[in-house]
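You will see two complexes here that share subunit A, one where it goes with subunit B and one where it goes with subunit C.
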Partner chain A sequence: MDFGPFLLLALMEGLVTAAVLALTASGLSLAFGIMRVVNVAHGAFFMLGAVLAWFVSQWVPGPAALSFAAALVICPLIVGGIAALADTVVLKRLNYEPEATIVATIGLLYILEQAALSFFGPDARPVPAPLNFRIQLPWFGYSGYKLMVVVGAALVLLAVWLILRHTKAGLVMRATQIDRDTARAFGINVDRVYAGVFAMGAGLAAIAAVLIVPIQQAHYLMGGDPLLLSFIVVIIGGLGSLRGTLVAALLIGLSDGVISTFFAPTLAKIIATLVVALVLVFRPQGLFGTRAA
Partner chain B sequence: MLRLDDLQAGYGAVQVLHGLSLSVATGEVLCVMGRNGAGKSTMLKAIMGQVRTSAGTIDLDGTRIDPLPAHEVSRHGIGYVPQGRRLFGDLTVAENIEIGLMTRNRGAAVRERVLDLFPRLRERMGQISRTLSGGEQQMLAIARALCLEPKVLLLDEPTEGLQPSMIALIRDTVIALKGTGVATILVEQRVDAALSVADRIAFVVGGRVAETVDAAGLSPNAPEFINHVGV
Partner chain C sequence: MTNKLITPNPSRRAVLGGMAAGGALLATGLAPRFAQAQSSAPIKLGFQLHRTGIGASYGRWYERTATAALNVLNEAGGINGRPVEIVFEDDGTDPKRGAEVVEKLTSQAGCDLIFGTLFSHVVMGSAPRAGELKVPYLVCSEGHHVASGVLNRWTLQPGITDVKSQVQSMAPWVTTNLGKKVTMVFPDYAFGHDHRDFFTAAVAAQGGEVIKHIAIPPTETSFTRYFPQIPSDTEVLYHVMVGPAVLTFVKELGEFYGTGARPEIFGFIDSLEAVNIASPGLEFLEGTHFWEGHPRYKQADASEAEGFYRAAIGVDDTGASVSDPADVATYAHMFSAWETLFTVKVAMEAAGYQSTADRQKVVEAMEAMTDFAEGNDHPQGPKVFNGKTHQAFGLQSISKVEGGKLMRVHQTAMEDGFYPDEVDYTSMSF
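Up next is the complex of A and B:
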């Protein structure tokens, strides 16, 4: 294959990575931006979404599209419910102290991974794609489902943006993010907002997992890479900045696609980590973050 | 209407209020004065549930509100304008107003009434609130609190750093609210501003009310100001 089509293929692969990454990282960014919680268990929520998608694909009879649609609804709800429970039972009791919540979410990560190992087993298991079709370009054919992942992720991100910008719930979240004491003085139940935001963040990771699992397979240790890449994205974009998260996800996803295709996936991770180090040294607040007062 | 009885509160091991008692009636303006660190702002935060009380009671129209979680206090009809305004700076003027309206599910009619008091805000509804001038920010902070149609309004040094025309506007607003039956507790450092609106003045010293006097006929040079405020 010539260089041009090869580059196009790499960019398309990168776009799929970027779309899923943007979805996963925006969940992490929401939790940090509004609650100031660095959620180390975010990758485990992602994994849980994929594992649950496999269970749903086994239980729901009929065509793959039906079980996939069911997974897209059920998995984020279950994962969000678990996250809300973890918030109420653990994080709230720690008064959202940053250091304590990091340790607590590390514990949560291990609990979720071991639970998945116990109930799901150590093997990677496939989940069928809801649709199997190829888009034939002049130089190569490309999976239509992968493009559907990009469109699906974009639609979910648009919905998140609309919720944050144009609904009362979004207004309450943004007010809580700016000043939680003043928010309380205006009747906002900050505990409930935090539980909702933590659930929403975990739910976004679960949606990302359901979208990607027909391409990657479900495995109880699959949360590591999304967690690392999500941290890279939110640090580069600016912790708590949704716009920064999207731009950084695009940057990291596309570069990952190109470098992985032309060189090696490991090199892509090394370069991404190097970029994070440079950002932390020269612009610690990230590309779109604001410097702490 | 609002009664604080033998209130004790503080921050961790540091106790700031040592048995503070006072009350404000419907349509009354009670000005609270005292030196820095006397406990004036802590008292307002204790009323709002932002600082937990260790003893004493806060009673609003016969209902104890001190055991309530902070987010439920304002729903009982207490509007709060904190020191330094504490606007939601990245939200627009309209969004700050909306937060105030949501507190007690008030609608467009209340918003219009509040904006009639501060017409300048009406022209800036789409503006990000941290980009407003200091005076406009104070207008917005008061407007946001009025959007919940408070029975009691708590104002923490609302004239701080403002020009005379803004101070006059705030005074006129407090007087207008008094006419509608709103009880106001005004923490104020400026003697002239206090005397222009207050019915009574409570002097706080060392976390308790040392003296309460009627404002009518009180001179700016009265010994109470010199003894308790140092001016």
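Up next is the complex of A and C:
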């Protein structure tokens, strides 16, 4: 294949990766930025979204587009509900101590994975895409749905940004992020904010999973890669900075697409992990993070 | 004596006699009593099963196949007149866990031998432990690792042909009918490397050339990014993929070529095992070719044994479960679990197998085997067994997708798959 079409394909693939990654990582970033919780179970929430999407596709009759739309609404709500419950029942009781929450979320990861194995089974199961058209370029064909994923992810991210910047809920969240004690003094129910933020983070991972599952199939072990990549993105972008997360997701997604198309996907992962190491050494707060006081 | 003890109305004399005999047995210690009971105690076979992990769809069907074969075996009187049990143990398709499963089945469950392992990396991880424990380990993995001599005297592959033989027997057909410039896409581990090494050599022997190797990590979930590496002068695209993402792989391949020009496609059915060929997005497979170890769609000239085998497991003529048409079998491979069990029967009976002390005799009896005739015990077809290399050889099918069904267009001859011995396990010590 010639260089031009080759690059085009690489960029398109990279854009899809970046879009999904931005969604997943922003959920992780949100939970860390506001709650200071390193959520190791984030990948499991992602997997849960995909697995639930399969169940919805089985239960909702009619065309694939209808069940997909239903999954897009139902899955994040259920996953968010589970996350809120985990926050109230477990994390809150640990007083959000960093070491304790890491161990607790590792436990949560195992519980969710094994639950999926028990109720969903060990097989990869396909979820039909809501639309099945292909873009035929002169050099290669490309899934139209993949481009829809990019648009969908961008819309959701825009909504998240609007919520954080322009709604009362967003204001409360930002207040809690800046100073938890002062926020409480002003009558903000910090417990509810935390549960809400944790649910929102998990819900974002679930939306990303519902978007990607028609491409990848639902499988109980699918949460590993998104978790690793999300951590990479969040560390490079700066923990807690949504803008940094977006920029880093684009950077990692596109470079992953280009490097893995032109060279090898493993090399792309090696480079991404190397960049993380360099960022941690030379700019520990990340590209857009603020240095901890 | 023991028979008399369980008759409904034993006479006083028989009871007294039985008690005396029982007392005598107890007095002489445990060993003789166990030897006495051995003749009717069930034979326990361990099955290393990929119930979870990346091999789960195979595991589901291997369990069904082995269970069905076990029923047939027991209805016909078991082994040496003794009933047979199978102890299934999940290895998570994980080599490390695999070695532990071998240990557990041998030491804790007390199995007489172990069989059923498919994924080659699990075989590689488990076989050394089986050798240390001196337990016969009969794999169903297709890998060339048995016949190449890297494993040990306790590991045999009597139920399925290895990759080297498979690809060598099909290469002439591929280069003659599809093209001589080949690009290979394969998983980047032992099984895929067997394909890479032996198909490349086999194509070269036919005057063809593999112009590009594309290795894909076995845990990969997205494949489009690999396809641009396929050179545009490729005449035949050879693909073999395993794991939960196989459907994604073929779908993305279809998207990539779309309606544009594409090379001939020759795939191993592994890329499509447990996947319905009528899934949306797979229409492009029409007219492409597949290797099948055992044709998924019942062919017009299918043997009687073929029908018996399908009915026993519960597979319909399209290769799906009779109770759920969406549950497609791993049909091209799972016959190996069935056939291996019946080779165990023959070997154990030939060895006069009594207890785990006779394990070595089973291996020796198996090494003495030369061929298996087609029939209910070997529904996939006849096989030749090489006792020196511990490897079975059978017939391979090449099928073409026609009207959404896999129709056999070529079957190899037995000799096509033979190659010079690379090892003589019989000269190794136990």
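Observations, loosely collected:
One rule holds in what follows: the second predicted complex is superposed on the first by the 292 of 293 C-alpha atoms of A that agree within 3 Å, B and C clash if a C-alpha of one lies under 4 Å from a C-alpha of the other, contacts with A are read in each partner's own complex, and residues count from 1 in each chain.
The rule is simple: a contact is a pair of C-beta atoms (placed from the backbone, for glycine too) under 8 Å apart; a residue touches a chain by one contact, two chains touch by 3 or more.
None of these values were measured; they are calculated from a predicted model.
In the superposed pair of complexes, A:Val190 makes contact with subunit B only, with no contact to subunit C. When the two structures are aligned on the shared chain, A:Leu109 is found in touch with neither subunit B nor subunit C.
Once chain A of one complex is fitted onto chain A of the other, the partner contacts of A:Leu171 are limited to subunit B, with no touch recorded for subunit C.
Of the two partner chains placed around the shared chain by superposition, subunit C is the only one that A:Leu9 touches, whereas subunit B remains out of contact.
Judged by the touch definition given at the top, the superposed model places A:His219 against subunit C, while subunit B stays out of reach. Comparing subunit C and subunit B on the residues of subunit A they touch gives the larger count to C. In the superposition on chain A, A:Asp179 makes contact with subunit B only, while subunit C stays out of contact range. When both complexes are overlaid on chain A, the residue A:Gly141 reaches subunit C alone and has no touch with subunit B. In the superposition on chain A, A:Ala18 makes contact with neither subunit B nor subunit C. According to the touch criterion, subunit A has no shared surface contacted by subunit B in one complex and subunit C in the other. Those residues of subunit B lying in contact with subunit A across their complex are 48-50, 69-75, 80, 82, 86, 88-91, 95, 98-100, 102-104, 144, 148.
Within the complex, the subunit A residues that touch subunit B are 168, 171-172, 174-175, 178-179, 181-190.
Taken in their complex, subunit C has these residues touching subunit A: 51-54, 56-57, 59-60, 217, 220-222, 224-228, 230, 232, 244-245, 247-248, 252, 255-260, 274, 279-281. Listing the residues of subunit A that touch subunit C in their complex gives 1, 5-6, 9-10, 13, 17, 117, 121-124, 126, 128, 132, 134, 136, 138-143, 215-217, 219, 221-222, 225, 257, 260-261, 265-266.
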